[in-house]
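Note that the chains are named A, B and C in the order they appear, and that numbering of residues resets to 1 at the start of each chain.
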Amino acid sequence: MSAEPIQPLTPGSVRRLPQGEDFRRNIARRRFIGRIWRYLFFSSLIIGVIALVTLLGTIVNRSFGTVAVQERVNPATLADRPLEDLSQEELLAIAQANISGNVRRRLDREEPLAERNEAELLRIIEEFVLQREVVNSWPLSETLFNYRHIEEQAAEEFPNARLEFRSWVSWDFIVRPMSRTPALAGIRTALLGSIWMIVITMLLAFPIGVGAAIYLEEYARDNLINRIIQTNINNLAGVPSIIYGMLGLAIFVRGLEYFTSGQFLGPGGAPNGRTLISAALTMALLILPLIIINAQESIRAVPNSLRQASYGLGATQWQTIWNHVLPVALPGILTGTILGMSRAVGETAPLIVIGAATYIVTDPSGPFSSFTALPIQIYNWTSRPQDQFRDIAGAGIVVLLILLLSLNAAAILLRNRFRRSI
Amino acid sequence: MANQARVGVEGSSTVLSGVGSETLNLRKRSRPGEKFIQGTLFICGIISIFTTMGIVYVLFTESWRFFGSPEVSISEFLTSTTWQPRVGEFGIWPLLNSTLITSFIAMVVATPLGLGSAIYLSEYATPRIRSILKPILEVLAGIPTVVYGYFAISFMTPLLRLIFGTSTVQIYNMASAGLVMGIMVLPLISSMTEDALSAVPRSLREGAYGLGATRLETALNIVVPSALSGIIAAFIIGISRAVGETMIVAIAAGAGPRFTFNPFEAAETMTGHIARISSGDLGFDTIDYNSIFAIGLTLFIMTLVLNILSGYVVRRFREVYE
Amino acid sequence: MSVLHDPNPLNPNAIEARGMSIYYGAFRAVKEVSFSIESQKITALIGPSGCGKSTVLRSFNRMNDLIAVARTEGEVIFHGQNLYGPDVDAVEVRRRIGMVFQKPNPFPKSIYENIAFGPRINGWKGTKAEMDDLVEQSLRGAALWDEVKDKLKESGLSLSGGQQQRLCIARALAVEPEVILMDEPCSALDPISTLKIEELMFELRRQYTIIIVTHNMQQAARASDYTAFFLMDQDRAGMLVEYGPTDQIFKDPKDERTEQYISGRFG
């Protein structure tokens, strides 16, 4: 122990730093400020959560609700039993007796009435004979909390209508083709269009993206051209999607119309280049940077010792990559691919620019047919002022989100599976 | 010279055959398979270059045609505040202006919220809270923008009209689009910022705590400044994303270019205009067709500059800790 | 003078651990450690890797609070108060008990700002000139002033490793601690920088209590007044095997495990 008292390092500064009770107060103040900021930080996160909840709530609110249904013709005048109980022949008889002229001819052209099944006939009778229509709709929130108001309004404005609860998302909605009447519209053509597009997109983008990533990580030496490729990919990832749409419009739709319309296969192709293949090519270019960058990261994460072990056994470079690097990198590559896929499913702007059809009743038949897609339909319906289009747009979004959700779930499953097997 | 080289080659082959080439041949073998694979992979890599070249080529040639037509001049394009193709007025400002206003609103929303969430997630959250809240932001990031557009028109717009009155707020308005765009950009900024924050080594935080700093003081004085380059890059990328965003503005901000600074009025953005013009049955080689490429070129240059800028910020100002 | 009042100013002990056990989750890393650290002396903590030296050291200024799973039992007495008492503020503890880490960790700020940071957050009130003075005094205290006085505006990261470590010491001095904890402060440094830090420690001992963790036996023997030898138990919990004046520990260890460890390492 030294005898001399403790010499403060800087006698001046000691007095400058709060001591004793001062310091206690100083800490209390700092703690208080800290708490306030902590709440602020936390609330910004909570605002994000609230935004998500509100967004989903808005969609659900619109996809379910009450509708006022009105029929021009009373079904009791057509048959003595409920229409649902009638056989195909009876329904056919009703349809043939009550539908005539142009409508009949048009329906017959799509598929002869006599060859249609009960469900289809029933739908046709509801639409063309009973002329059942939804005259008004109310969202879920009103249905749950203000049903009285709905009843009053319906009684006043639509005395002949009856109120029904309706889920706009339904199996019918998924399997029915497009219609100009929201209550009868379905998203089948759009869903099929999206699926076709995504499959072709992935067939193009996955091998090219992974190939490019392998090239950049395993083969490319650090020279000018490779640096340019890398920088270029990073910059492409930041190009707005609508620009890709313009690229697709000018090159695939217009420049390569002879190919993208399918005319090179002979007559009977699409009238122009606004086809699935143009969309898929555009989307593939759009998600390539995403796939490449993700694949690069997972390839880079493969330990070098693994490569050296393989070379040490006399394997060639490609044998090493194929047998050792890729299997280890695969889970990561798949994750990135699914990310790209989700992006392509939801992307709307490029499709608008390419000129995807907004109204189309025939299912897409191959890469060279005109098409519509889920997000295009959602956009189209959202842009219309009528309430019921908002409702089916909401329903369309539910389907789109479910599709995205299942894609991601599949990705996670797939990834875990591969991870376990390695 | 050439002679000598040949002699050398012959010499070495003699040596090899002297060892006995039947038993051990170490000479370089040509592997056509390997070469072919490498070539194919190279082509995959080079496709991205073609993409860029394609974009640049398309935007420039079509814009060239646009500026070549008699009713258009570049100076008018860059200075005029009217865009009315019907009467031959092509000034970019109304479109650019509303792009800037919506993006500004978006960044006003997204920057503080993104920063706050990132700081909370990286500096405060326990692993459990993190594992609950972070996926929510990720879900937000994965929602297609057309859905955000739907949200803007069916929730945000009615809300704004309820708060500020239907006479003040038009059915289509920039504020609604901008606010929702802010929500869309939020997860991007938050996740990039969080990455930057968590790249700050733990030892720096410990250094600050060791001096008696509170959590907040450590976060704001040490961690955030150390991650500043990454945070600024996130901010710039956020702007770029907002400027290039199409669906939200196409649905909620209104159709028809208007030069107005009032966020509660309708005004079409650059992207919104491109989307609307091209969703009609657009004839090739019309002035409308060419004009959207000129707008696209402007947009492309803006986002490119922003992206390059963010890359520059990261490289130039990155702190090397080790 | 300080908030943590010492009821007995003649108490020669700066810090006293009483039955201290430290857990990481369910794993007990340190078991029942009790010892007293004398004021204005250098105490070295030695022992094989993983025996809990850093854990013990970090518990003296509650750095372990920052690890979510870490938990401390027992008492650490400082100025007559238990540092783990219910109303003790970790921030205040850390201002009184500074820390220098294994790897130099200057903030990515200027040398000047590195020093000024601590006083500023702790409510320092004074003029610019006084802060200049404080920065100079602290750098002098860490024997760094002459080397950096012309480049105070440069980044702390631009210094060499040894200079960085001394900057970290200067930074700790600026908030007027009573105790300085050092966790292998020289392990990332070259021999000359190491020697400089050791000399510095001798200087600092006149005003501060220093506790240092080291793997370097010569360093412990050369530079410390007391030595505490830790070892892992069968259940991998660290425990204090022997504690005493450095001379005695190195020349005449009471415990045969200490003897083995020291001689094994000396070779």
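Note that contacts are C-beta pairs under 8 Å (C-beta built on N, C-alpha and C of every residue); 3 or more make two chains touch, one makes a residue touch a chain.
As the structure is a computational prediction, the values presented were derived from the model and not from experiment.
Undergrad: Compute per-chain Cα centres, compare each with the mean of all protein Cα atoms, and return the closest chain.
TA: Chain B is the most central one.
Undergrad: State the chain with the largest centre-to-centre distance from chain B, centres being mean CA positions.
TA: C
Undergrad: If you average the CA atoms of chain A and of chain C, how many Å lie between those two points?
TA: Chain centroid spacing, chain A to chain C, equals 57 Å.
Undergrad: Between chain A and chain B, what distance separates the C-alpha centroids? Give it in angstrom.
TA: 20
Undergrad: Using Cα averages as centroids, what's the distance between chain B and chain C in whole Å?
TA: One centre to the other, that is 48 Å.
Undergrad: Of all the residues in chain A, which ones touch at least 2 other chains?
TA: Where chain A meets two or more other chains at a single residue, that happens at 30-31.
Undergrad: Quick check on chain C: which residues sit in contact with 2+ other chains?
TA: Chain C, residues with two or more chain partners: 91-92, 95, 121-122, 175.
Undergrad: At least two partner chains per residue is the criterion; list those residues in chain B.
TA: 214, 217
Undergrad: Within the complex, which stretch of chain C touches chain B?
TA: By the definition above, chain C touches chain B via 61, 63, 66, 68, 91-92, 94-95, 98-101, 103, 105-109, 117-118, 121-122, 157, 168, 171-172, 175.
Undergrad: Report the residues of chain A in contact with chain B in the complex, numbered from low to high.
TA: Residues 30-31, 33-34, 37-38, 40-45, 47-49, 51-52, 54-55, 58-59, 62, 207-209, 211-212, 214-216, 219-220, 226, 228-229, 232-236, 238-247, 249-251, 254, 285, 288-289, 292, 316-318, 342, 345-349, 352-353, 355, 358, 375, 378-379, 382-383, 390, 393-394, 397, 400-401, 404, 408 of chain A touch chain B in their complex.
Undergrad: How about chain A: which of its residues touch chain C in the complex?
TA: Residues 1-2, 6-10, 12-14, 16-24, 26-27, 30-31.
Undergrad: Quick one: in the complex, what on chain B touches chain A?
TA: It is residues 31, 33-34, 37-38, 40-49, 51-52, 54-55, 58-59, 62, 112-117, 119-121, 123-124, 133, 136-137, 139-140, 142-151, 153-155, 183, 186-187, 190, 214-217, 220, 237, 240, 243-247, 250-251, 271, 274-275, 278-279, 281-282, 284, 292-293, 296, 299-300, 303-304, 306-308, 311 of chain B that touch chain A.
Undergrad: In the complex of these two chains, what residues of chain B are touching chain C?
TA: 126-127, 201, 203-214, 217, 221-222, 225-226, 319-321
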